[in-house]
Structure formats: structure tokens, C-alpha cells
Amino acid sequence: MNAATATAAVNPASAPAPVPGTAKAPLLSVNNIEVVYNDVILVLRGLSLEVPEGEIVALLGANGAGKSTTLKAISGLLKTEDGEVTRGDISFAGERINGIDPDKIVRRGIFQVMEGRRIIGDMTCQENLRLGAFTRRDGGVKDDIEMVYHYFPRLKERTGLAGYLSGGEQQMLAIGRAMMARPKLILMDEPSMGLSPLMVKEVFSIIRQINKDLGVTILLVEQNARMALQAATRGYIMENGKVVLDGTAEELRNNEDVKEFYLGGGNEERKSFKNLKSFKRRKRWI
Amino acid sequence: QKIPVGHLADQSGATSDVGVPFGQGVADALAYINKNGGVAGTTMDVETVDYGYQAPRAISQYKKWSSGSGKVAAIQGWGTADTEALTGFVGKDEIPYYSGSYSGHLTDPTGNGPHGSKPAPYNFFYGPSYSDGLRAMLMWAAEDWKTKGGSGKPKYVHMGANHPYPNAPKEAGEQLAKELGFDVLPAVQFALTPGDYTAQCLTLKQAGANYAYLGNTAGSNISVLKACQTVGAQVQFMGNVWGMDENAAKAAGSAANGVIFPVRTAAIWGGDAPGMKIVKEISKVSDAAGTAYRPVHYVSGICSAFYMKEAMDWAKQNGGVTGPNIRKGMYQKKDWVPAGLEGVCVPSTWTETDHRGMDKVNLYRANVTGDTGGSVDELVKAGTIKLEKIATVDVPRKPEWLGW
Amino acid sequence: MSGAPVASPRGYAHPADATRAASPSDTIFEARGVSLRFGGVQALTDVGFSIRKGELFSIIGPNGAGKTSMVNCISGRYRPTDGKVYFKGQDITGMTPNHRASLGIGRTFQNLALFGHMTVLDNIMVGRHHLLKNNFFTGSLYWLTGARKEELAHRREVEEIIDFLEIQHVRKATAGTLSYGLRKRVELARAIALKPDLILLDEPMAGMNLEEKEDMARYIVDLNEEFGMTVVMIEHDMGVVMDISHRVIVLEFGKKIAEGTPEEVLADPRVKRAYLGEDDEEDEAVAPPPKQEVA
Amino acid sequence: MANISLIPCGDFKTRYAADTTIFPTKTSRNFAILGVALLLLCPAFMDRYWLNLCIQIGYLGIAALGLNILVGFTGQISIGHAAFFGFGAFSSAWLSNSFGIPVALAIPLAGVMTTAVGMLFGIPAARLKGLYLAIATLAAQYILQDFFSRADWFTGGTAGTIAEPFSLFGYAFDTDESFFYVVLVYVVVMYILATNLMRSRDGRALVAVRDHYLSAEIMGINLTKYRTMSFGISSFYAGIGGALYAHYLQFVSVEGFTILFSIQFLGMIIIGGLGSIMGSLMGTAFMVLLPEVMQAITTALSGTAIDAALNLREAIAFLREMAIGLVIILFLVFEPDGLAHRWKQIKAYWKLYPFSH
Amino acid sequence: MTLLFQLLVNGLIVGALYGVVAMSFVLIYKASRIVNFAQGEFLLIGAWTCWWLLTSWQLPFWIGFPITLAFMLVFGIVLQVVVLRPMIGEPIISVIMVTIGLSIFFQAMMKWMFGVFAKPFPTIFASPTVNILGLDVQTVYVMSLVISILIMAGFGWFFKYSRMGLAMRATAFDQQVAQSLGISVRHMFAMSWAISAMVSAVAGVTVGVVNGVSSALSFFGIKVFPAVILGGLDSVAGAVLGGLIVGVLENLAHYLDSQWLNWGNMYEIAPFYVLIVILMIKPYGLFGTKDIERV
């Protein structure tokens, strides 16, 4: 694989890429946005992406690339962190949603699973789940709680305060809470973080199920690229606040650079973590 | 060339309930003086400042007044904290300071009194000190006990917050009470703010107190009066100059009925005295219609301003209106009343060694009959609230009481 | 691929191999019958193991198995309801966490626990706390008492750690504004700054992509091999655990269910069932066997 | 809050020493020196009113810095600071009155005495957190106030006590002009000490305790020690400030140290910026000057056409108080992180000018 | 003995009033972690409003009082919208400072509007006092006692079971998370301020009826701090219990003081000593929830 083929897949960052194979307008489209924290720190520089309805889209990238920032820009939570979308716009179901308060965005059907679990520590699991369904007015809350317990039986056993749960248990609760909301679009920020291998598989199968059975569209930020690209239909790779590569999951899986940096080795075999010695490799798309 | 005069008032702070009428009295009087010839022909440049009862602000303001070319000749001040804080400064800067704080130790200009407080040569106030007011009431109470035919020793109790102002007359009062044959009960504390003081009243009741001094300002005194009425404690309450007035009587309603308190002036608003004419004129400065009722503090404020004015008059004739001259001016006459206020201000005497202006204290009783809704004007007119003079008590200037 | 262990190639003498049969004095840490309960929750039940000096020791297990609780018992955040913990032969069960730090136990946290409003540099300098001598008095007089000299000396060492972990660019940034992965790295730096003999890492690679994990793995191996620190690591990425750890214990429901070399442990059917999942057809969690490569 | 640390281009540090100085650049350091030098000239051209305000800002600023160390740096809210301030004032007066200790020496000793009392009331800090601790300090406020009015031997009871003027080698600093220098020296010294503290071991430990006490403990920081110590240091500053206040006014009375004063101290540091050393001074200046400015406006307004038209008269006093409240509110709405933060942003803006992003 | 008994009864009755104020304080704290230093002014505004309706409009109490409550509800909302809304997401301490600003503002405004003199309430109850267990008590205290019990029961249910109550707690725990769940932080705050203002008015009117209305009434706001803490900051029932305890303590201390000790001022100070002792034993008050200390 050489630089030329990699760059071929790179989109000009300023223009949103048309999504091949989807005729209708995407559910979510982010157009060339720029995000600034504290009026000075520029984090996203002209980022664009699209999430077609009913699909799972993966967003990959290194630490600090701005993945979480992107999600927060979409869900409106940026505001609460002194961040601001200074350029470009974000539209959901055909309507512009930047600048809208996060709680209103949730009412429109976007639910974010925040990085670092962020469960409400001084409440029980059940109360946390009930809060997940805060915006819902239908009567199905009780059944849905049972559904979450069905997926994560461990949560049912824990009757104490959620703050005392183990890291992984809290992660399950955070995902369960998103399921409770029954939104149109879930933004998942690293759902597999801190989960055991068994649980990771479980969570990804749940993600697929939510997507298939409940028809929820998912934008997935994930470090476990292998799993993410298996579940997703499309993927974006970002570096330094910009999308540097995008395509269908299939394309990305077969991209040599992605293989090397995200999936572990360009070849079939995995390198041992043990014997890597310090050498800095250059990413070809920069 | 005008005479700069500073006037510190509390219009918006914690003691504004009495600070407003007193300050208004001072301000109106000074304005009136200016309109009517000023200080022997020279007008005063009065700056009235509301310091919100916050000592640091009083100090800054004082510094402004005491420095530079516009240095004030005298100051009309107000509260305890700021007066105490400024005592040293006014002494050093030689600025006569007429305040609303009547602590006994401010009456000792040399600091040589038996109670050895710090000298306060430039502090003046018009009225009986808190201690002298209490002494007068105790003397009255001793008589009262006899006339009522009470058996045994009457029981006296000092009440108030643990603060400089209520505490100022505490020892002097308890000492005299003992001498007069009272049984002195342990003092009872209650905060300077309104609250529930039922507990205090229950103990008063249980201990069988007959006479109680209320050392606080009106707000909290009212709470005590009301609570004691509710629990049915039969106590003769004795207020202090700031602790009872027409407004307090209105607020306390029937609970205030019968409370004794010292009044600084010889006559109160509506009273019959030659000087009342001027007082009415002065009142028109801020009330053109001339209909407002003026509480006791207002009239006292007028006296406070006029004593200063006369001392300035003297100073003007004798070397110019400077602090030291004004101070000397205060010492020129004996048992004097500012011209025109005869029958309103109580004849007073200040000497270089003794700033106890008054040796006679007028005691009044608040009579409250009926419902106290409506304005003070109406209530007084209707006679629902009546301040009734019951005695004038001599409080001799005993040397051992100087500065105490 | 299958979870079947393949012997990891090692291009050098394995320290653990050498010490496996060594005398007990080589044991740096030992837990004896540690149990821990919170009200109705039995987080740990009679867990015992020992860690040899210079070992890279991993604790794995399903979520909620008690791994973090175990580490908390070592670092002093929790005190076991039963059992004892020994560090360098000394019973430290009742010792305060800050005392343990000065004995040489450092750690990172599963849920980030940086000092959010301090700069990265200051965060790491806090790690030097027990090594610094100046106090509020001498510190206030800075120039007069040698505090400056001391601070600068330690600053130099901290810079070395910063270089080692390649976080120079965020040196002066406020820790709370960093991205998740960077914060993890700063946490590691802070723990290293303690100069611990035993360093406890609670999921150091959570939230990192492959490349970053590789970096992190390298740091950990270096810590172990070059700095000579004994490492205890909790990690869910089996690839990493298999490749770099010398010995592994597995916890489940607060009980130790297996102990041994990574290969032994992963072969244990109980571990497979409880932790990895039985299905072997397409196992992403345990990546393909490592390529033969010589360092 | 994000810490924007921006250094001008070309200003590279080649040594760690250069990177740990108080002033990030030579210019800023020169400005600071110039500022102090200018202040030295103040008595020559300021009248007593302004000097008095400066002196107030000085001694209150020292006490406020103490509170900021406790609240801003260690994260323990105290609503009893005025009581410690008062304790320092009484101690210093007591030391110099009762034992003839020269005032110059009595002031630091008063600081030490206040430290001891502060540590005593800081004991609950080892166990209490947040508002629970705040209310325990409220208890300290009331208990100390009560103590002041009882302890005749110490405070002169409710009547108060006089305090000697500050004197050194026979020269009495009893005018505003001379006392200004005393306060200035104390302010400079105390602020430098605090700056040093915050860039050395124990200062960092305090901040660590604030930011994450659990991990601080695991980093080897003894929580109890540092929490109590923070009270001690904070009280030391309060004590020094109080002592200066005592010897400035030369009279101390229990009346001055109320809960409202404590709340004002809190106001100073919040408006100045929690966790900022210079912010403490800026906040103090704000809180001291605000009523004065409002007063000046009121004075200017009274007697003018506006006054006459609206018939304000006494109302003006209330309007002024309302304006004070309003300014505080508005200030915080627009600058919730305090003056120090705004100051930083202004500096950042100029450094980056004309590229503000 | 009867004195002691009467004092205790009085303590309970006054304590109930403290409880009401404490409750309104806890409400705001529970929803937003804000310490409302303007609580006292809420009392004041409520009291003056009711007074004004009763005197200027000559409304009977049973009409004027509900109108006052309704007004306070609106007042709370308006206050939140105008002043506190822009502060959402800002550091709590800054918001606390804003409440201090509010307190200064309203204090002056009330004096401006209603004057500086204390004013009596018109007679409200046919019999101004009722005899409870041998102690004559102002009837209005009994009214506030009944209302406070009702309110308390209501809130107990609200926070435990209702959707809005949960949302309020979530907001208090973490505003960002609450928003991410679709909870409008603004609504929650508006609601808590509104209810709190309303509950304060009950207390304000009660104190006003007993003592007359004056600005000094606002001191009640600070006076209830010990009650709030004693019960545990975030517990509604605790607030009421704390109020009762403080009330009884005050009276008990006064009893001991006046009968035996004669130290003076114990009435005011003793509760603070007891407070410290209780906090040393129970750092989160009697019913406060413990902070979760988990790493």
C-alpha cells in the first residue's frame, strides 16, 4: 500500500462527501464545522461527516483528535464546557441544530453516551435507567428497564448506589440508559471502554440489535477499530480536528494504513506488544 | 467661604429605623440654619452621607472629610462602631464629632475618669448617656416599686445582646440597682435581630423579674415585648433612647403598652413649647406640607445640630470656625439651650473635663390602646399611641460615674 | 483465531523465569486471605497471591470481579475486612494511603483522577511530594532556604519523565482539558514520578487505539525492564496482557480462579467461560498471534 | 477552567529556573517592580481618603489572600474568616498592651496566635467536606465572636480595646501617609510568600487536595495534615491583616467582626478569582471601591436635575445599595470566573494581537 | 420543671419554623448545589407582600396568604430566569456570590419600598394564642407547623418517586449529565427556586405575624444554617428535624444557662458547639447522603 492510494480516499476537508449508495438525505450531517474552546483553543477545523438513517457509522481517530468534541458539538453539550461551534452547521433530520440547548436536542431524538460513563452516582441503577427515559412519555418504561436488565443481568443484582459500581458495570449502565431513551440517533463515545472481552462482544451485539431491531441510527466513536468497523456500515477517520479518510467499513478495513494503525498489522498476523521498540512511524495521510 | 460639615447617617443599614429620623432631623436642621443666616452669616457646606452602618465606609468617608483643603470643621456622626473607631482620629485631627452613640465612656474627655477609658476630647452627644438614662429609670423604678406598694426587694434584670451598645450601661446599671435595693438577676441575652425570645420571657416570668432593661434597638426589643406578652410575663420594661419610639410602639402594638424609656428632648412632636415653632419650620425643609409626624429621634437630631451650630457661632466670633474653637464653644455656657429651641432641647452643660451634657433625664411611657394598623400620624392623632411624660429624674454628675 | 496460547517469543532472559523459584525475600508484595465487603456486596473473598520483585503482574477478570477493589486494597484506599497485605515483608494492612506512597507504591486510576485544574507539570510534580523536603515555611521563603534548588532538581527529573512519555507538548496545559488518552498518560507520568517500587496500573489502555496501546505497552515494558519497577496491571485487552505480563491472576466474583503465566491462564476453561467467552469462531478480543519479531 | 498559558513568541526558556519564575517574562517583572515603585510615591500625591482606601485594600487584601488559600487553593469554604481577622486584631493589641511587645513584633506574633486558633477550628476539616465544613466555620465565627465579648482580659470585653500605633526605632507610623508604607511592605511580603508557597511542595499539595483529595492521598499527601495546615496558613494571613487593621485604627471592638464581614471576604475572593493570588488583591479592591464609587455617583447625582426630577432624596441611599448588589450580580454574570480570569484573557488578547484566535 | 417543659415545647414549635426555612434552603441546594444567601430576603419579600395585601388591599388573610404564595412562586421563576439562568454551568461558588448580591439588592429594595420601620401585621386569628401543653403559643406558629408537615411529606415523596424529583436530583449531581439526558436544567432550577421562594414565604409570614415585619427578619436566613447542616444538607426530612433540634437546643441551653450556669448567651452559642460535636460524629449530618468516594 502506498501513499497515493491512501490519499485517493481522502476527501477535501471543506466539502462534505456525498455518501455513495444513499440517495435520501442523511439523518445527521455535519458541515465543515469549526470548534473553539475558551475562545482560543481551536480543536475542530472544518470537520464534515454524514450519518445516513438506519446505519451505524464509526468515527475513529487518535487520542485528542477531537472525536469527543465532535459528538459534543452535535449533542450541544459543548456549551457546558466553554466550547463553541464557530463555523459551519449541523443538521439533523433536515433541521439545523447547532446552538440549540442540549436538552432540546435530546427531545429531538439525539442521545449521547458520554465518555467516562457519567452515571449519576448517588442514585440506584433503576433510578438512573428511569432518568434515561426522562424525555419519554409513553408507558413502556418499566418494560424497557426489564429489557436492559435482560441484556445486562449484572445490573439487576446491584441494588446499591450506582456510584459504587465497578467501572465496567457503570459502562453497562450508561449504555442501558441510552437504550431507555429510545432516541433516533445515539452518539456513543467509546462504549467498550473498560469492558471485559466477553462484555465487549456483548455490547457490540447489543449495538447491532439496537440498530436493527429498534431502528436506531448510531454514530460510534470507538478505539476498538476492529469491532467498530465490523459493526459499522461506514467509517470516518480523523486526525487533528479533520476527517482524513472515509469510506464504507469494507473499504476502511482493507486500507493498509487503517490496518497498520488501527487494526494491528497490515498483514494477517499481529505484532507482539512486547517487542515493539520505540520508533515513530509516519502516518501517510498527513 | 463656607464651613464644611460632615454628616454620617444610617439611612439604609441595620439601624436605619432610628437612623432615618435622626439623620433627617440633623439634615433638616442644618439646611434650616443655612437658610436662616447660617453660622453668624456664613453658610455651612453640609455633606450628608449614608454609610449603611458599615464602619469601614464611615472611616473612608471620615478620611475624605479630614484631609485636604476641604477639611470639615465638625461632624455629625452616628453608630457605636464607627464612633468608637473614629474617636482616636477625631481627637488627633481635632474635629468635634457629635454622634448618636451615647456610651458612657465617650463623656470622659480626658480619660482620667475612675473607669479609665481612653480620652475622647472631641466626642460630643446630645442626650443622656446610656448609663445615665438607665440610672434615671432605675431611680424611677425604685420609687415606682414603693408607690405600687410592692413587697420585698424588686428584681431587676439587664437584657440585651452581648454587644458594646447594649452592654455599655450594664455594669453601671447593675451597680446602681444594687445600691437602690434591687435584687439584681443574672443578665439575659437576646440577639440584636428579631427572633423568637419566648425562652427569655419564660425565664423572666419564672424568676419573677419586676423591672427589665431592654438594651437593644427597636427591632429585637419588639420581639421580646411580644413574646413576653404572649407568655404572660408581668414585667415593667425599660427601654433605651434608641430602643423605643413611636414606630416601635406601633410595631409592638399592645405589647409596648407601659414601656418606660428616656426621651432626650424636653418636648416631643406636637408638644407645647416655645421652641416648637422652629422645630415645625425645620420639619418643613423635608416636608413642605408640614403634615408629617416626627418621632422623638427627629427632634433630638435637631438639638444635636443646633448645639453644634451655636458652638460654631462662638468659634466664629473667637478666632474662626476650627475644630478646637468649636470645642471651646461648647464649653462657654452652662445649662444652655440653643437660641430658639427653648423648651425643646434640655438645658445642657459640657466642660473641658466632663462631657455629660445632661443631668436631667425625661422619662416617658408608651401608652398603646387598641389596634395599631395605620400610619403613625393617624395613630398618634387618634391617641392610640401616646407618649406620656411620667417623670424628670435628676442624674447628678457624680465624679465616680464619669466615663461610665 | 483461537484463544489458544502460543508461546510468546522473548528475546532476552525473562526476569520472572529467573525468580519463579526464588526465595520469599524476593517477594515484594503479598496478599493473604484478603476479603472485602461493602454492606451486602462481597467484593473480594479470601484472595491470596504474591508478586515478585521485578515482575509484570496482571490481574484480569470480568467486570465487577473485584480487580479495582484489590488494587485499592494494595494502595490503601480500602482496608480489607479480612486478611492482610504485605509490602516488602512489612504488614501494611492498617497503613494510610499516603504512608504507603512514601514506602514506594504508586498507582493510576480506572476513572481518571488527575488534578483537573493544575497544569500537567504540576500534576507530575505532586507525584514527587514524598521525595521533596521543603515545606510551607521553607517553601514560602523559596530563595532563602534552598527550596528553589530542590524544586529545580526535581523538575529536571520530572522533565525526564515527560520526555519518556512524550507529553512535552502538553506540559503547561491544564490537565482537565486534555483528551482522555492524554490524561491517562499524564496519570502514568504522575505515578512514575513517585519513584515507586511497585506501580499499580488500573486499565492503562482503556480508551486508546491500537497505536496508542502499542506506545503504552512499550512504556510499561520499559518501566518494568529499564526502571526496574514491579508492575501490577489490570487490563481487558488480552493481547496486551498475554504479550507483556509475566504472570496473571484471574478474579471472578471476588474469588481468585486462576493464576499462572498468561498462557496457562488463558488455557484454563474456567477463564474462557467467565471472561473470554466460549465461542471461538471469530475472536476479536484476543487478536491473532503475534508475528515473530526480534527486538 | 482552562488555563491559558501563553508566552510571547521568541521567549524561549533555556533553563528550568527561568521557567519557574514568578513573572513569566522580563517585561512583566519590570512592570511589577515599576508598579511597586510608583506605589511608594503614592503618599506624596494622594490625599488621606485615597490612602485610607489603599490601606484598607492592603490589610483586607492580606486577609483575603489567606481566605483564598483556604477556599480557592484548598477548596474548603470558610464563612468565619472575619472572626480570625478579629482574633489577629485583638491578639496584636493584647500583646502590645499587656506585655509591652513592640507593635512591629506583635503583628507577626498575632499572626502566629491566630494560626494556632485557626488550626484548632480547622480540626473538623479533617472529617468534614464542602458545606458541612463551611457551617462548622460558621460556628467558629459565632463562637469566637462570643469569646471576644466575654474575654475581658484579652479583648476588653464588649467595650473594646485600644491598640498602639505601629512604630519602628522610635518613629511612630500613625498617619495614613506613614502607615501606608507599613501596609505596603506587608502586602508585598505576604503576597510574595504566598506566591512562593504555591509553587513549592506544600502549595501544590493544597491544590491537589482541592482538585482530587482521594488521589492526592494516594500520591502521598496526608490529607488531615494539609487540610488543617490550610486553615493555619489562612488564619495566619487573617491574623496579620487583622493586626494591621488594629494598629491602623488603634482601636478594636468586637462589633467589627460579624458574619457579614466574613461573607464580604468571600465576596472579595470570588470576585477576584478563586485560586488566584493577585485576584485576591483585585477582588479586595473591587469590594472596597465599589461602595465608594457608588457613593461618588450618588453624591454627584444629588442636587442635580435628575435627582429633582425623580425626587430621589432618601431613595438615593437605597438605590445606591441596590446598585451595589446589582453590580456584583452583573459582574458575575459576565465574568463568573473573577477578575483574575478576565485579566488573563486581556493579557492573552494583547499577546496574540492581532490574531485573537 | 414546668419551665423546662414549657421551654421544650417552645423549642419544638419554633424549631418547626426553622425547619420550614431550612427546607426551602435544602430545596435549592438539592437541585443545584447552590447555597442561597438570599434566603432571608425571600422571607422578607414574602412577609412584606402578604403585609401589603392585608393592609393596603384590606384582603382577608385566607385570600391574601395564598396570593402571596402564588406571587412568590412567580417571583422565584422570574428571579431564576432573569438572574440565575445566565449562570447555569458556571462555577457554583460564583452563583453563591450572586445570591449574596441578590441579598444586598433585595434588602435595600425592601427598605426602599416598605420603609425602614418595623410594621405590625393586622390581627389574623380570632384568638391570637392557643394553649399547647400549658404554654401559650401564637396561633400562627401552629399554622406554620401544620403547613410545614404537609410540605415536608410532599417533598419526601417528590424526590423519592416523581420523575421531576429524580430529574432535580440528577441536575444537582451533574448538570452536564442531566442535560445529556434531556433534562432542562433551566426548568429544574426555576422549579426549585419557585418552590423555595414559596416555602420561605410561609416562614416569612409566620415570623412577620409574630414579630412584625422589618428588614432584620432576613437574619433568619443565616440562622437556619445549623439546622440545615444538622439534618444533612440534602434531606428534606433532615432539615425539619434539624430545625426541631436546633429549636430545642436553644431553649435547653437557655434553661441550663439561666437556671445554673449563668454564663450568658448560651441560647445563641450552644447550638453551634453541639453542631460541631454532632458533625465530628456524623460528618454528613443526621440524614445527609455520604459522598461517594470511589476511585
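The letters A, B, C, D and E name the chains in turn, as written, and every chain counts its residues from 1.
The rule we apply is simple: a contact is a pair of C-beta atoms (placed from the backbone, for glycine too) under 8 Å apart; a residue touches a chain by one contact, two chains touch by 3 or more.
On a predicted model such as this, the values are computed, not experimentally measured, just so you know.
Between B-D and A-C, more C-beta contact pairs join the chains of A-C. With centres computed as the average of Cα coordinates, no chain lies farther from chain E than C. Spacing of chain D relative to chain E, judged by their CA centroids, is 31 angstrom.
Centre-to-centre spacing of chain A and chain B amounts to 75 Å, using the average Cα coordinate of each chain.
For the pair chain C and chain D, the distance between C-alpha centroids works out to 43 Å. Mean C-alpha position of chain C lies 50 Å from that of chain E.
Chain C has residues 68, 77, 109-111, 113, 177 in contact with two or more other chains. Among all residues of chain A, those that touch two or more other chains are 37, 41, 164.
In chain B, the residues that reach two or more other chains under the touch definition are 11-12, 20, 162. Listed in rising order, the residues of chain E touching chain D in the complex are 29, 35, 37, 83, 86-87, 90-91, 93-98, 100-109, 111-112, 222, 225-226, 228-229, 233, 264-265, 268-269, 272-273, 275-276, 279-280, 283-285, 288, 291, 293, 295. On the chain B side of its complex with chain D, the touching residues are 11-12, 20, 24, 47, 49-50, 52, 54-57, 59-61, 63-64, 66-68, 80-81, 84-85, 87-88, 92, 103, 105, 117-118, 162-164, 167-168, 286. Chain C meets chain A in the complex at residues 8-11, 38-41, 60-69, 110-112, 177-182, 203, 206-214, 217-218, 221, 236, 238-240, 243-244, 274-277, 284-291, 293-295. Residues 75-77, 79-81, 101-104, 106-107, 111-112, 114, 118-123, 127, 130-132, 134-135, 161, 163-164, 177, 181 of chain A are the ones touching chain E in the complex.
On chain A, the positions that touch chain C within their shared complex are 37, 41, 60-65, 68, 115-117, 154, 158-160, 164-169, 171-172, 190, 193-201, 223-227, 230, 261-265, 267-278.
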